[in-house]
Amino acid sequence: MIGLEDYLTVSAILFSIGVVGVVMRRNLFIILMSLELILNAANLAMVAFSRFSNNIDGQMMVFFIITVAAAEVAVGLALLVALYRRRQTAYTEDLTNMKL
Amino acid sequence: MDIFFYLFAALTLICGLLVVANPFSRNPVTSAMFLVLTILSMAGLFVLLNAFFLAAVQVIVYAGAVIVLYLFVIMLLDLGADERRRLNKAMVGLSFLGVGLLAFVLVSSIGQSEAVGALSSPRLQGTTEKLGKALFSDYVLPFEVVSVVLLVAMVGIILLSKRDLK
Amino acid sequence: MTGILPWVILFVPLLAALSITLLTLRHRALSAGLSIGAICVSFVGSLLIWISFDGGSVQYSTPWLSVGGLHVDLGLLLDSLSVTMLLVVTGVGALIHIYSYGYMAEDPGMPRYFAGLSFFTFSMLGVVLSNNFVQLFIFWELVGVSSYLLIGFWYDRPTAADAGKKAFLTNRLGDFGFLLGIILVWTTIGSLNFGEIEATMRANPEIFGSLASIAGLLVFCGALGKSAQFPLHVWLPDAMEGPTPVSALIHAATMVAAGIYMLSRVFFLFNETALLVIAWIGGVTALLAAVIAIQQDDIKRILAYSTLSQLGYMVMAVGVMDPTAGMYHLTTHASFKALLFLGAGAVIHAMHHEQNIWKMGGLRRAMPVTYWMFLIATLAICGVPPFSGFFSKESILAAALEHNAILFGVGAGVAALTAFYMFRLVYAVFIGPPKSNAAEYAHEVPGVMKWPQVLLGVPSLLAGFWGIEHFIGQSFASASAHHAAAWHWQILSPFSHAPLAAFFGLGLIGFGIAAAYAFYGNAVRDPLPDEMGRLSTAIRERLYLDEAYTAMIRYSHEVLALIADWIDRWVISGMLVRGSQWGTDLAGRLLRMAQTGNVQTYALFLVVAVVVVLWFVLKR
Amino acid sequence: MSPITFIILWPLVAALLIGFVPRENRSTIRMIAIAGTFFSLFIALGLFFQFDTGEAGYQFVQREPWVGALDISYYVGVDGINLGLIVMAALVGFAACCLAYDVTERQKEYYILLLIMIGGIIGAFASLDLFFFYFFHELALVPTFIMIGVWGRGEKKNYATFQITIYLSLGALIALIGLVALYVQSGAETFDLVKIIESTASDPFSTSFQKVVFPLLLFGFGILVSLWPFHTWAPLGYGAAPTATAMVHAGVLKKFGLYGLIRIALPLFPEGARHWLGVIAILCLGNILYCGWVAMRQKDLNLLIGNSSVAHMGFVFLGIASLSLVGITGAVFVMVAHGLLAALSFGLSGYLYTQTKDLTMTDFGGLLRQMPFIGTVMVMAFLAGCGVPGFANFPGEIMVLFGAWQTVPVAVIIAAWGALLVGAIYMLRAIRTMLHGPRSEKWTTLVDATSAWRKLPFALLLAGLLFLGCYPPLLTEKIEPSAALVVDRLNGDEKKASADLKEPTLTKDLSTKELSSALSSALAWQERRD
C-alpha cells in the first residue's frame, strides 16, 4: 500500500533536484525550469496531504499555485528576454553588476 | 495500483534529473522537453491521488501553455547548446553539501513524523464539481485576487517587452 | 535718608556707566559729564556719611542669592574702615576723573573711557562696602575686569592688550586661592558675613583647627594678586600701558589698595603663622621693588615700582599686626601717589607722550605748578616730616620694630632706597639740564589738569595732621590706645612714640636724598650702569622675574595643553574613534566578500538558511 | 490644555506650515519660523512668570493617555528643574531662527528640520513620561545629523557628521538600555516617571541593581553631554554645524543628558549615584581641566568655543557629583546659563563665518574697531565664558564649587583652577588675538550688525545672561524646592521629600486655580493671534 510518506519522499527528492538545478546550473532558462520543478514538488506534497487528510484546501492551494506559477513564468521569461536583448547572455556569471 | 505509483514516481524523478543535468545534451530545448515529461508524470501521480481536476489543469496549463512559452522564448532567442564552463569547485562542493543536508532533513523528518502515520487512509475525491463549488464559495475572494495577479503580470510583461523602455 | 545714601553712592557710578554705554557713546562731553557728575555725587554722599558717622558699624543688606546653606547678601557695611576708603576712592577718584577730561581730550574713545572709569568706580565702591565674602569676591573680580578693560583701553597697541591680559590672569591666579579660602571659611563657619565670622572666631578661636594658617593664607592670596605682592607683582609695571590717569586711579590709589583693605577687613582671620608669612612677603616685595625702581628709565615704571614697594610696606604693616598703620599709609599713599601719577601724566602730556626720563629735564621752569606738586608728593613718599607720608611710614616702621628687627631693617633700607630713586626721578626730570628738544619747549598743562594736582597736594601735605589713624583705629580694638592730640604734638608723636624707628628712618631718608643728589644732581645720563655693571643690567631686566614666570607658569600650561591636545587628536579622536571606525569598516569589507553579485551564491545562502530553519522546525 | 503643550506645538506647527509654502517664498518661510518660535518664547515667558515659586511639585500638568495597555501617556509638566531649561530653550530657539539666514540652499527643509528640533527638545524637557521623554529627544536629535550632513561646513564635514551620529546614537542607545532596565525592574508597569519614582520610593531598587544600571545612565547620558573622554564629537560637530544648529544643539539639546541624570538617575538610583560619585568627580575634572588645555591649543574659533563648552559641562557634572542641594541647584543654573552662553558664542562665530568662511583666529585682529557691536558682544561672551561676575555663569559656578566642597574637596580645588585660570587663559587669548591688536590685513571688509533685526538675537541672549547673572534668585528660588526633593531622595530621606511636597501636587487638582488661569491666558493669546 502506498502511503502518504511515499508521496512526500518523492516530493522531497524532486524538491532537492530542483534546488540543485537552481544552485548549480548557470543558464537562467534552466534555473527557471528548476524553479518549476520545485513548485511541482510542493504541489505534489499539497495534493498528497489533501488526499490523506480529507481536506479540499490543499488542492485549492495547488490550483492557485499553478496560476501564480504561470504568471511567474510569463514575467520571468519576459525579464529574461529583456535582459538577453541588452546583454546578449543568459548566464548568471556574466550578470554580477549588483556587486558593490 | 502500486506499480503505477512506482512507474510515475520513477518517471518524475528521472525526468526531473534530466531537466537539471542531462549528460547527453546541454541544449535548453532538451531540458524543456524533459520538463514536459516530468509534468505529465506528475499529472499521473495526481490521478493516483484522485485529484482529477488538478491533473487536467496540470496537463493543460503546464504542459500546454507554460512549456510552449519556454520553447517559444528559447527558440526566439536562438539559444544554442550550453557552453561548458569551468566549475567553481568550492561552489559545487558547498552546493552539494547544502542540498544534501536539505534532502536529509526533509526525508528523515518524513519518517519520524507521527502525523504521517495517522493520515494513512486516503478518502478524498478531488472531482471538478467539488473544487468548483469550493472555488466559487469559500475561495471566491482569492480567486478574484489571482485574476488581478494575472492582469498585473500581463501589464508587466507588455511593459517589459516594449523595446524602448523609458 | 542715611539708609538710602550708601546705595546711592554705590549705584550712581554704575548708572553712569550703563547710560554712557547704552545711550551717549557718540557724545563726548555728555559722557564725560555723566561720569564726573556720578563720582562727584558719590563723593558728596561719602562726605555726608562721614559727617554723620558716629564710630559704630552699620550694615544694610538685602538677600541676593540664597540656596540651601549658602546665603549671599548684597550688603553694605559702614564702619570707620569703609568710610575712610569711601572718602579716598571717591575723593581721589573725582579728581582723577576731572583730570582725565583734560588728558583724554583728544582721544576718540573718550566716552568708552569714561564708561570704563565709572564702572571701575562702581566695582571699587562695591569692594569697599561689602559686608560678606562672596560679594567682596564678586566686586573683586569686577575690579579685575574693569582694570582689564582700562589697561587695554588702547587695545590696538599689542603691548597694551598684552598688559591687560597679563594683569587679569595674574589677578585670577590670586583669586584662585582667594576663592578656595572663601569656600573653606564658609564650610567651616557656615556664614559669609564678616561680622558673623568675626563673632564666631572670637567665641571659638580654634574653629579652623589645623587649617587655620591655610585658611588665612588662601584668603591672603587674593591680596597677593590684587595688591601685586611678590610673587604676583609682575602685572603692575606692565599695567602702565594704560592711560596715565588710569594708572593713577587704579594702580596707585584704589585697586591695588583693595588688597590691603581686604586684609584689614578680615584681619581676625589670620593667626601668628599666617601673619608672619604676610609680613615677610610684604617686606620682600618692598625691597625687591625698590631695588628694581632705581634702574628704570620709564617715568611711569619708576612710579609703578615705587607703588609696589609702598604696597609692600602696607602688607608688612598688616603682617606685623598693625592694620591701622597699613590703612593709614594706604590713605596717605593714595593721595601722594595719585598726585605723582597725575604729575607724570602732565609731564608726558607736555612731552608729547615721551616717557623716558633721560629725554626730559629742566621742566621745573616750564611747568612750575606741576613741579611743586610733584616735589610735595616726592617728599611725602620719602617720608620727610611734616609731609603726610612721614607719619604713616613711621607708624609702620615703629610697628615693625616692635615685632621683628630684621623686617624693621628691611623697611628702613627701603625708605632710603625710596628717597634715592624718587629724587633720581626729580633731578632727571625737573631739575637737571634738558636732554631733548621736547623738554626745552614743554608747556604747562591746562587748568583742568592742573587744579586736580593742586587739590591733591593738600592732603599729601597735611594728611598727617588729620588724625586719620585714630579714625581708622576705631575698627581695631588693639589700636584704640592712641589718643588724638593737637597738631604740633602730632608731628612729634612718632619721635616720642618710637624714637629709635623715627630717627633711624629719617637718617636713612636723608642719606638717600643725598646720594641721589650726588649721582644725579646734574647728570645727563645714568651713571650707575657703568659702576654696577651686570648688576644694573639684571635690575633693569627686573631681575628676570618676568621671564622666569613666563617660563614657569605659561609654559607649564602650554606643555600640558600640548599634551592634552595631542591625546585628544591622536588617542581619543584618533585611536579610539577612528579605530572603532576602522574596525567597523573592516568587518564590512569582510562581509562584502560574500556579496559576489551572482544569483546562485545568494541562492546557496538561501538553501543553507532554509536548512537551518527546517532543522529547527522539524527536528527539534 | 497646558500652556506647555503650546510651547511644544508652536514650532512643530510652524514646521508643518512651512511644508505647504513653495520653496521660492524664502521670506515667508523665514517669517513663519521666526513667528512660530516667537509665540513659543512668548508663552514660555508667561509660564515662567506665572510659575508658583516655592512649590516643589509639578505645575501646569497635562496628561493624555495614549497606549493604555503599556500606560504610556502624553504627560507634561514643569517644576523648578525644567522650567528654566524650557524657557532657555524657547529663547535659544527663537534666536537660532533669527540667525539661520546663513543657510542659503534648500532653506525650506532646513527651517523645517530646525523647528522640529526646537519643538522636540522642548518636549523632551517637559515630558514626565519616559516614552515621550525619549521620543522627543530622538525627534530633536535626528534632524541634527541631517542638518550637519547636508548644510554643514568645512572639509571635515563628513567626518564630523559621522562622529556625531555614531556618538550620540550610541549614547542614546546606552541610556535606552538603562531606561528599559529600570522600566522592567521597577515593576510599576508604567512609563509615568512620577509613578515610577513614587513606587520606588517605597520599594527601592536593590543596591546591586543600582550599581549596575546607574553607570548605564551615567555614560549613556554622559556621552550626550560630551562627558570626558567621550567628548571629541562636540567641538568637531559644532565646528561643522551650521550656525542655528550649533546654537540649538550646544545650547539646548546637549543639556538633555544632564537633565536626564538629574531627573531620572539621581532620584531613582541614590545608592548607585553615591557609588559612582568618585568616577563622576574624576571625569568632570577631565572636562574642566583637560578640555580647557585642549581649548588653549585651538586655532579655530569654533573649535575653541566647542572645547570651552565641553569644559563648562564639567561644572554641571561636578554639581551632580556634589549630591548636595547647593551643588545641584548650581548645576541646573549652570545648564541654563551655559545654554544662553553657548548659543550666543556660536551665533557670533556663525556671524563671522558667513562673511569670512574661515575662522582661524590669528587671521583676525582689531575686530572691536571693525565691528563695534559684534566685537563688544563677543568680548562680553568671552568674559562670561571665563566666569566673570555679572554674567549668569558666575553664580552657577560659585554654587557648584561651594556645594561640592563637602563631598569632593580635591575636585573643587582643581575645578577652581580650571575655572579661574585655564578658562581665563584661552578666553583672554582669543580676545587678544581676535578683538584687540591692530586690524587684520586679511579681513578688511567685515560688516557689523547694524539693523535692529540683526542685533536682536544677540541682545536677547546677552540680556538673558546679564539678568540671571545680576539677579540669580529669579531662577534659584524656583529650582531650589525641586532640587531639594531630589537631594532628599538621594539622602534616602523620604519623609522629608514628601513633606516638601506640601500637597500631593502630582495629582490633577494640584493647582486648579493656576491651571485655569494659565489656560485662560494661553487661550487669550491664542485668540489674539487668531
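In this document, chain identifiers A, B, C and D correspond to the written order of the chains, with residue numbering beginning at 1 in each.
In the analysis below, a contact is a pair of C-beta atoms (placed from the backbone, for glycine too) under 8 Å apart; a residue touches a chain by one contact, two chains touch by 3 or more.
Every value quoted in this text rests on a predicted model; they were computed, and no experiment measured them.
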Count of contact steps on the shortest path from chain B to chain D: 2
Chain closest to the assembly centre - both centres taken as Cα means: D
Rounded Å distance, chain B centre to chain C centre (Cα mean): 100
Distance between chain centroids, defined by C-alpha means - chain A, chain C (Å): 94
Length of the line joining the C-alpha centres of chain C and chain D, rounded to whole Å: 37
Intercentroid distance (Cα basis), chain B paired with chain A, Å: 6
Residues of chain B touching at least two other chains: 95, 98-99, 102, 106
Touching two or more other chains - residue numbers and ranges from chain C: 600, 604, 607
In chain A, residues with contacts to at least two other chains: 19, 23-24, 26, 93
All touching chain pairs, where touch follows the definition stated at the start: A-B, A-C, B-C, C-D
Of all residues in chain A, those that touch chain B in their complex: 1-10, 12-21, 23-27, 29-30, 32-34, 36-37, 40, 43-44, 47-56, 59-60, 62-64, 66-75, 77-82, 84-85, 90-91, 93
Complex contact set, residues of chain C against chain D: 63-70, 134, 137-139, 141-142, 145, 148, 152, 155-156, 158, 161-162, 164-165, 168-169, 172-173, 175-176, 179-180, 183-184, 186-187, 557-558, 560-565, 567-568, 572-573, 576-577, 580-581
Chain A - residues contacting chain C, complex: 19, 22-24, 26, 31, 92-93, 95-100
Sites on chain C touched by chain A in the complex: 592, 595-600, 603-604, 607
Chain D residues within the chain C interface of the complex: 162-163, 166, 229, 231-232, 236, 290-291, 293-294, 296-298, 324-326, 329-330, 366, 368-369, 383, 388-390, 394-395, 398-399, 401-403, 405-406, 412-413, 416-417, 420-422, 424-425, 428-429, 431-432, 435-439, 471-473, 476-477, 479-480, 484
